[in-house]
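Chain nomenclature is as follows: A, B, C and D, assigned in order of appearance, with residue numbering initiated at 1 for each chain independently.
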């Protein structure tokens, strides 16, 4: 960080690379930052790298990530690659003293995640895993309300994350359907989002039981070269217990017809209930048992008022935000943490603890039994 | 059955007794029946029995159920007592050649349920268990659509049944909170409704994992005589596999703030998805993947059109029904089955199979492991 | 009224006759009445009269209404005939000292309505017009909240009543499409419901502007005898001012695709807003501006709690009511008023004032100008 | 336009200036443009102009708009000033051969709007008025469906635009509350949005009746210098007829408690109905009467599929957009029109026709009578 600028290198220029690029591009227009991002270099694989870099606003492009993480000019390495590359890049970056912002899931397994966390700590860099939905105003409001005790002690947590992109048997085989490349598949991909939100809102998960299924057993290769057997689950269901008491129930799916990006939560406690639906991310539903009987009911809060999280920096009340805004808020957190010399949140430790739950789920599914989350649960490390 | 009349005796005059009384009172006004019910005798315990019988339209009242089930005039015995009395009354009635209509859950455990089913079969009486929600037009439409293959092969079934009547720690200790009296508690009470609907819509459940919790450990006795420890669960979560493939996820609660009578279902398959919410029981949501991309979305069907199940007998389209109407439709099924000399549906076998799942859930919860549903699953008996 | 019984004669045995019959049949089961109804005689035209009377629970049937209104045994005459017969029957009944319960709209025009009101008053009988939606718990709650000042001074009232039964050009010509028989058509039929609710919730209407349209100009005769020109409107829109200040906006339609029985209201004031939708009649939405910014939003109140209007007499919380229950509540009001020797509400005066608005609307539509409601507005009579 | 770049000058740096700045900043990242915008100069009044220009990404700032519209380097003048300045700036810009993109309402009155339209035409510049909601994918889909005849001939159009920012009597007096500065007040401000959408979706408005009201008669001056009388309406209601037949009903409010940015539309026709709510702008509801009775209902379309308008350029399905995205789509239209040497849409003619309706409304309100829209209606000009 020089002259109040943080030089950013972004590795990965596909879907997530686009979302992160947009966030760096816009964050300074809406938020006062202690240090502004400078979009130095976009790194990726493919002929479209240079043109993409230009379109997204990066100063230059570079196909070799090793050069990027060694570049003295770079302050912050942002990792948007496929999961299997997270570890190697993050370790190299941290060892070079770069701050690291990594997409979720942090790693392929718990061992990798622990190594990444420990390396980042040892090298005293700021580290953050991009559980982007913590950046949604409605979910930050949910956390505030829970912290204030508005819904009391949490009894039940329900987290569903369902899409239907893979519903058609004609949907092609992609790398996420290959267990070797995708690690824990939907448990890691969609599961990590919901697990992180469960941890964020309801605390640590202690035990799990899980079942998964592959509904469409083989799929056409994208190149027309025939069919290939699918080795990762289309859907998963699991139940859980929490460290602070309370029960959890979860459902994940890539083949749930009609669910487009349906991350829905219900958190109920001794005094009230909160509901959220990512397809209507500007709204939060809140029920307060303390309200008088005659006028008691779920309140549909438009989380767009000036006093709501982040909203003072956006548009007038009722002028809704979209999915991409979560990235801006998370990038802001990372940039401010660097500028202020403080840890970022959620950190690699959060990424690691989430990974521990994913791993417990996979074991519970494999063994058809309950599984304890173990060392990464509460009390582990710091 | 004489002169086209079926003489009914109803045992139990509280909540369920009232709902059943109302159904007998109204069914003949809206449906052409092959034999009409004659409301002969109301049986129950308490000083208000005679006045209740009069208010509800019963010819007479009788405190002793043993007399009622032996009364030669009675054709049909309807059992609305606490669960622990179901078995004894049903057995006596069947042995006396009475047709038996019994509230859910059929029995306290699987052994009782089997005995009741076998006794009713052996005595060639019509038997039916009142899973009342099968009588809701929207759920009959759901079954029709599934039978027609509109949502294809079922991949996922979600069933939640949540209320909040017991949320306040001041809510008193009632018999359902005593394990000795309530059997499997919420697993039997709310669980049996959802399990039956899962069986009705998605087929037999084969394996389950389950967790329950008691959030409020002791409650005040209604008579002001201090506190008593609660021994049945406030909430339960479970996951399941189905005989035809597919995953199930379930949540039950008496302490879910804001849920008043929230039985919500989502059944998704290879071609579409169905959603239902008991608090809006006149509606069914349907997503058909076959619809063109541009105009595809969940359809909110008002299940009140003349062609919808039962609705040709009620009011014009859009003139909604209430919760009580399910009872009328189920009573109609029982009366017609008797008049037509055919089995009724859902029968005691359905009640028994449901009980087998409840029992597996209780075992899975106790042992913290997966449990097979066993003999009462598909292929068992009939 | 003898021996605590009120002998009822019901004239009209079609749609409304069925709804009223059901109400008399059920009201005593759910409500403690000071005098119970005795379903004496059903009067109507058609071969099915006797069988209908029996199915609905009437002691006997009688085709000649003149005999019915003169029958010394009859205490209460309930009028469910086509609108054009209301006046003649009501006048005869009142002159014979019968209490009169009349379906809406009270009359074909204001002059008739005034005559009916004055005759009923002069003969000291209890008179009530069945604006049935005042009998919906959610709307009684709305009135309570408004009376308590919870939404402050009313600024805006929106009332829509839309159905789509006449959308298809194949829908046949019925008497309501003939101006000569139907009076003011949709303005009277649907309009009177919405106008009455506007008066009930927001006060007297003072001035109106209105436009109507006939979208389908001719329709097939039901007997297959060709087409007939339609002379009443398919839809109407109007705006209004209120005596207490505030603006109103209204829409009525028989051809609004997808609206099945969509009576929707929004009443907003200086302190809050209320919303209602008849297709979800167990719910009321309430926004209170006084709530803190962070947790402010429309509350979806399930109007099924024990403390909500009428609900202590029905089922447990969350066990929803249907459309027909409004009739039970209105019949109860009429019976109690008779038993207690007090006026019923809404009375023929309400029916007359509603008629004055309907008449002003028709004039405003005809003349394409604003129209004052005139003498039947606030300050008129009593 | 040189070297494939369009040099933009933006006049106005407050709310709308921010939204437009953001659009120019982002449009090139998501859309392939025939010519890219170059953010040359931001013009405005106030000490924060230079810092705002930098934060928003403008090359430089300039307080004098006269210099800006005369600057040879500038290709496109974007007007985000208060309404009363639109005319003068637009005329000067057009006379200097600059393309003009102007916020709505186009002008203070019809005469101004006509002058602006004629001047832009005479100078052969591309002109566009920013009715931003035409840029929302769901509304473009609505238009497509209507053009394809999916809902048939339009019978009814309902358009409401309600907010509650001015609900509190403590909300200060702002320039929009002064008739001298605000022209037709809410009729122009909110009304122009809804009128434009009515024209876009249902065709030209021919006649109107209207009522407005000021609920809070005086408000505190922002500087604490006492109270000032309000001379523009807090709310308005109006009804309308359309050139192609059909009825319209409209409601506008700044004081409708709980409505944050509630622009809701319902367009129903002979074959179906469309509904839209700006607070849930990623959704469109569609009812098709042709669907079979059993499965007919409003479809909640998530307008985020690749084939939906604009959505192929954004995120995967279900990843929702926000309010600001409409500006990006409208800026894209303006830039492409310039690059392609074609007219933009909606043009100043649309702005003028909208103004004609606003003016008719004001006259209808003033005179309490129906008003014809007159020359700006269908058939006028082009």
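The definition used in the following text is that a residue touches a chain if its C-beta (ideal position, glycine included) is under 8 Å from a C-beta of that chain, and two chains touch if they have at least 3 such contacts.
The structure presented is a predicted model; accordingly, all values stated were derived computationally and were not measured.
Common neighbours of chain A and chain B under the contact definition above: C, D. Counting C-beta pairs in contact across A-D and across A-C gives the higher total for A-D. Averaged C-alpha coordinates put the centre of chain C at 41 Å from the centre of chain D.
Distance from the chain A centre to the chain D centre is 36 Å, each centre being the mean of its Cα atoms. Averaging Cα coordinates per chain places chain A and chain C 54 Å apart. Shown for chain D are the residues that touch two or more other chains, namely 259, 297-298, 302, 305. Chain B contributes residues 15, 19, 21-22, 25-26, 28-29, 55-57, 163, 165, 259-262, 278-282, 302, 304-305, 315-325 to its touches with chain C in the complex. For chain C in complex with chain A, the residues that touch the partner chain are 141, 144-145, 150, 285-286, 288, 291, 293-302, 305-308. Residue ranges on chain C touching chain D, taken from their complex, read 151, 153, 155-156, 158, 160, 164, 167-168, 207, 209-213, 215, 234-239, 241, 245-251, 253, 255-259, 268-273, 287, 289, 297-298, 368-370.
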